[in-house]
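Per-chain residue numbering starts at 1, and chain names A, B, C and D are given in the order in which the chains are listed.
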Amino acid sequence: MDLNEIYTQVIAEHCSSTKNRREIENPDAYIEGINSSCGDELRIGVKLENGKIKDAAYTGVGCAISQASASIMTELVIGKTIDEAKHLAELFIGMIKREITDESKLEELDEAIALQNISNMPARVKCATLAWHTFEEAVDTALSKEQ
Amino acid sequence: MDLNEIYTQVIAEHCSSTKNRREIENPDAYIEGINSSCGDELRIGVKLENGKIKDAAYTGVGCAISQASASIMTELVIGKTIDEAKHLAELFIGMIKREITDESKLEELDEAIALQNISNMPARVKCATLAWHTFEEAVDTALSKEQ
Amino acid sequence: MQLKELSTIEKINKIREDFPIFSQQINGKPLAYLDNAATTQKPIQVLDQINRYYKKFNANPHRGAYTLSIKATNFYNMARKNIKRFINAKHTEEIIFTRGATEALNLIAYSYGMNFINEGDEIVLSIAEHHSNLVPWQQIALAKKAKLIYLYTDENGQISKDEINKKITNKTKLVAIAQVSNVLGTVFPVEHIIKKAHKHNAVVVLDMAQSIPHIKADVQELDVDFAVFSGHKMLAPMGIGVLYGKKDLLIKMPPFLFGGDMIDIVKEQSTTFAPLPQKFEAGTQNVGGAIGLSAAIDYLENIGYDNIYKIEKELTSYALNKLSQNPNISIFGSKNGDDRTGVISFTVKDVHPHDVSTILDADGIAIRSGHHCAHPLMTHCKTNATCRASLYFYNTFEEIDRLAESLLTVRKWLGFDKR
Amino acid sequence: MQLKELSTIEKINKIREDFPIFSQQINGKPLAYLDNAATTQKPIQVLDQINRYYKKFNANPHRGAYTLSIKATNFYNMARKNIKRFINAKHTEEIIFTRGATEALNLIAYSYGMNFINEGDEIVLSIAEHHSNLVPWQQIALAKKAKLIYLYTDENGQISKDEINKKITNKTKLVAIAQVSNVLGTVFPVEHIIKKAHKHNAVVVLDMAQSIPHIKADVQELDVDFAVFSGHKMLAPMGIGVLYGKKDLLIKMPPFLFGGDMIDIVKEQSTTFAPLPQKFEAGTQNVGGAIGLSAAIDYLENIGYDNIYKIEKELTSYALNKLSQNPNISIFGSKNGDDRTGVISFTVKDVHPHDVSTILDADGIAIRSGHHCAHPLMTHCKTNATCRASLYFYNTFEEIDRLAESLLTVRKWLGFDKR
């Protein structure tokens, strides 16, 4: 294992990024995701508008991987359609679980590809996917409220 | 282990002996002793008179060791004073548990010495001592009734 | 090893090379180990895997973000997956590691029994159950005012369909039954019992302790609700066993043991619990044991259940035949080799089973005597104890010959048949 | 081995030869195993004893009248006697084998807690308890409408006498406390707690999981009512542990697990139970595990608790001193070496503990990060997780140097202190 493959420049920057580490005003859903084994606690908020992710943000404590993952994810999904965003979440989780390995398919994930090497570290997989799972749940909750 | 030391002539004879394998009329106590691990079930009856063991007998099922031990024991204690009989029981149990090894002390046990080698067979110790423990209990029960 | 091409005797001899214990002498004679229903011996392949783990990969699983702990966790998870595949469970999380069959049965009793059995419900057991699949249900019946109903065996040690159809009714909430009796060796008609139980919406607890070492298990094909077994009876070390449960049942059951690793969040006054399978695995798990069990499964599958079946069938027929030739021996249960495994209970006329095993031991032959943790069956069979010789695929025809010969001497030691 | 005459460094080097795992490389670096509070490594002497058992003496104990079973039974009983002597219990039957500390604590909760704790009673715990000594009591409190009262730790990770005297009262029925915290390493004043509890007729459950590997135990001198520990944290294999209980308490408690070997007579509708210790040991016991635990005790005593204490004291002081020199590190609990073992919890400024352990792992250094199965203590300490390095007498000063050096690099990986 080479640490350079895990703690990349991208991760270090996103981990301390404060851009989307904030509360959303009038969110459509706020969901708390917990990774009890390492004590990560992430609250993800989403705001939908016209079938798109109008805004997404997070608060909470956690390791660099889970924080960077949340930061990258929020930047990636804001402005995307709900379907696109959900597709990206599936893609990301598939990448970390090594179910999707085709590099060309993963291109859509953009900066999130920086987390691909986490798939070699079973103990950290949950850290990387926490934000994405929680995001999926938040979107579903927001959608169910709409109806 | 030499089987000749365990299944001696004495044991074979006592094991099928019917002399004291019987019910006692008007017993002072009947006690059931159980060795659940091998399924031995022994009922020992005693009759006391003038501080002596007037009669002792047994019924039940069990292995050769437990049956022979019961037969030898009843023959030995009948006619003895209660104190002598209790002393013999202690001596016997001490012999089987290897707590008493001094041959001269064991002489009093007479034929019961034939069971000494059982002390080398941990799995059979309980078979050998069942009759004696049950006898002790029967005597104590009979005495407590007297009072 | 290309076992297929060898004769049965050659197969057995080849297999025996894997078991260090068989180079032993007992009382100056080679060890004839015929107590396999109590516990089996361990092949070097299993011991080697356990040693390799402790010498190279030992760490607490699930609890560290360092290489060694990740490896230990992986080994543990791989063992669980191997068992899932082995018994053909649908989901990996349906496999719960326990200390053995007894703990697994108690887990079901405490967690399912105490919460889903109610006053007036009936629990159906066979009279042949091992105490571990009987006493827990007695306790549940006592605590919940439920009724225990027994399926009785007939003179062949079998449970008739009539008996099953009569006793399993709409009142039945749970049926607990061994697939193979540890005393009679009978293979019970569990497929029929499970179908009948499900018709009445009862759940079935299958005790595979005596079947899985000999008969390939398929929990989905059986459609059984719970199944349990012990590693030590199938070449694995002591201290490891398995509970299988259908996911929907396990999900609705509360945890049994509480502690580390089975929790989600613990606050001062309340706790939420982890999902399956962790919910039922409190405390540091026995990784070495799980690896040993997984290695034992690999070993069994390498030999092949078809080979195991063939070898055991030949040995069992041979043994039943040999023993039947002794007029002083009475065999319990099925006298031919059908619907039974190589667990053979018998008595010798006029001689208590305990004496029989002591006398055989002097010839290096290890058989068990007693009630075999099945008092109620003993009472039903009107006996206090039996002798039990139980075979595994590493036993030899010669060992059976020695058993038969030694049994011919038994009565003489006790003064019968004149010495 | 004449350890006495050697220097500490020579002692450690000699001891390390017994542990095959230390010849390992992790990520190209020699393994620095600093997660001993989670589980310890195994010396070859322990592995050899277990192998010897399986290769020469394996049989089901208590269940046969043949040589092998008698030997297995003897080994099992000798292990029990060795443990009795080791912790200075009064009676051999006060030693109950369990799977580990967690099962032992659950046994006490189910059997004692469910039957002798009543509505309104108070159960006193320390806030530092491991989930295994906390969640079971939460469940008892819930089931019996009893109250959980916590002893809080102060800024040194210690529980003050004031706190103890205030919280243990006539309402207290049971006190459950670890002798040593698995997070802070604090040695709690259990002598005082036991005396105070007894004054109020409360029983005390002592969790020795983190103390017995380091501190000689004497249950009679402590006068403790129950004590538990796990073999795997003291050089023995996984899957074996011990419950000690005072005889009069164990006698009045009902059995916990039901099944083979713990019964006296089983009838169709009722059962009587065996005397101690069998009453609490249902099913086939882990003889191999018991032998491993007994061998581990022999090994520890051969090294000598005086040597262990001296080595660990030096290592702990050295580590505390080294870590304190890093201004970005905050140590939890006692900062000097008094009243504590070598369990050291700390955090690195701005870096999550999980990242710390991943980064250290790349240097071959195994430490644990997380809540250490002590959520309520984390909450009390106002943190989510800590890093934990935990030492044993086979660790080296060099390993501590490597830990300290590697910790200096941690912040850089996350973009702090400029790379």
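To be clear about the criterion, contacts are C-beta pairs under 8 Å (C-beta built on N, C-alpha and C of every residue); 3 or more make two chains touch, one makes a residue touch a chain.
Being a predicted model, the structure only gives us computed values, none of them experimental.
Touch-path distance (fewest steps) from subunit A to subunit D is 1. In terms of the distance between Cα centroids, subunit C is separated most widely from A. Subunit A and subunit C have CA centres that are 47 Å apart.
Inter-chain centre distance (subunit B to subunit C, centres taken as mean C-alpha positions): 38 Å. Centre-to-centre, using mean CA coordinates, subunit C is 32 Å away from subunit D.
Those residues of subunit A in touch with two or more other chains are numbered 1, 36-38, 121, 123-124.
Contact with two or more other chains is made by residues 27, 63-67, 69, 263, 265, 354, 358, 361, 369-370 of subunit D.
Interface of subunit A with subunit D (complex): residues 1-3, 6-7, 9, 11-13, 15-16, 36-41, 61-65, 67, 121, 123-124, 127. Interface residues of subunit D, counted against subunit B in their complex, comprise 62-67, 69-70, 73-74, 263-265, 274. Residues 27, 351-355, 358-359, 361-362, 369-371, 378, 384-385, 413-415 of subunit C touch subunit B in their complex. Contacts from subunit A toward subunit C in the complex involve residues 1, 34, 36-38, 121-124. Interface residues of subunit D, counted against subunit C in their complex, comprise 20-21, 24, 26-27, 31, 33, 35, 38-39, 41-42, 47, 51, 54-56, 58-60, 63-69, 99-103, 105-106, 109, 127, 130-136, 138-139, 141, 148, 150, 230, 232, 237-240, 257-261, 263, 265-271, 282-289, 354, 357-358, 360-361, 365-370, 373, 375-376, 379.
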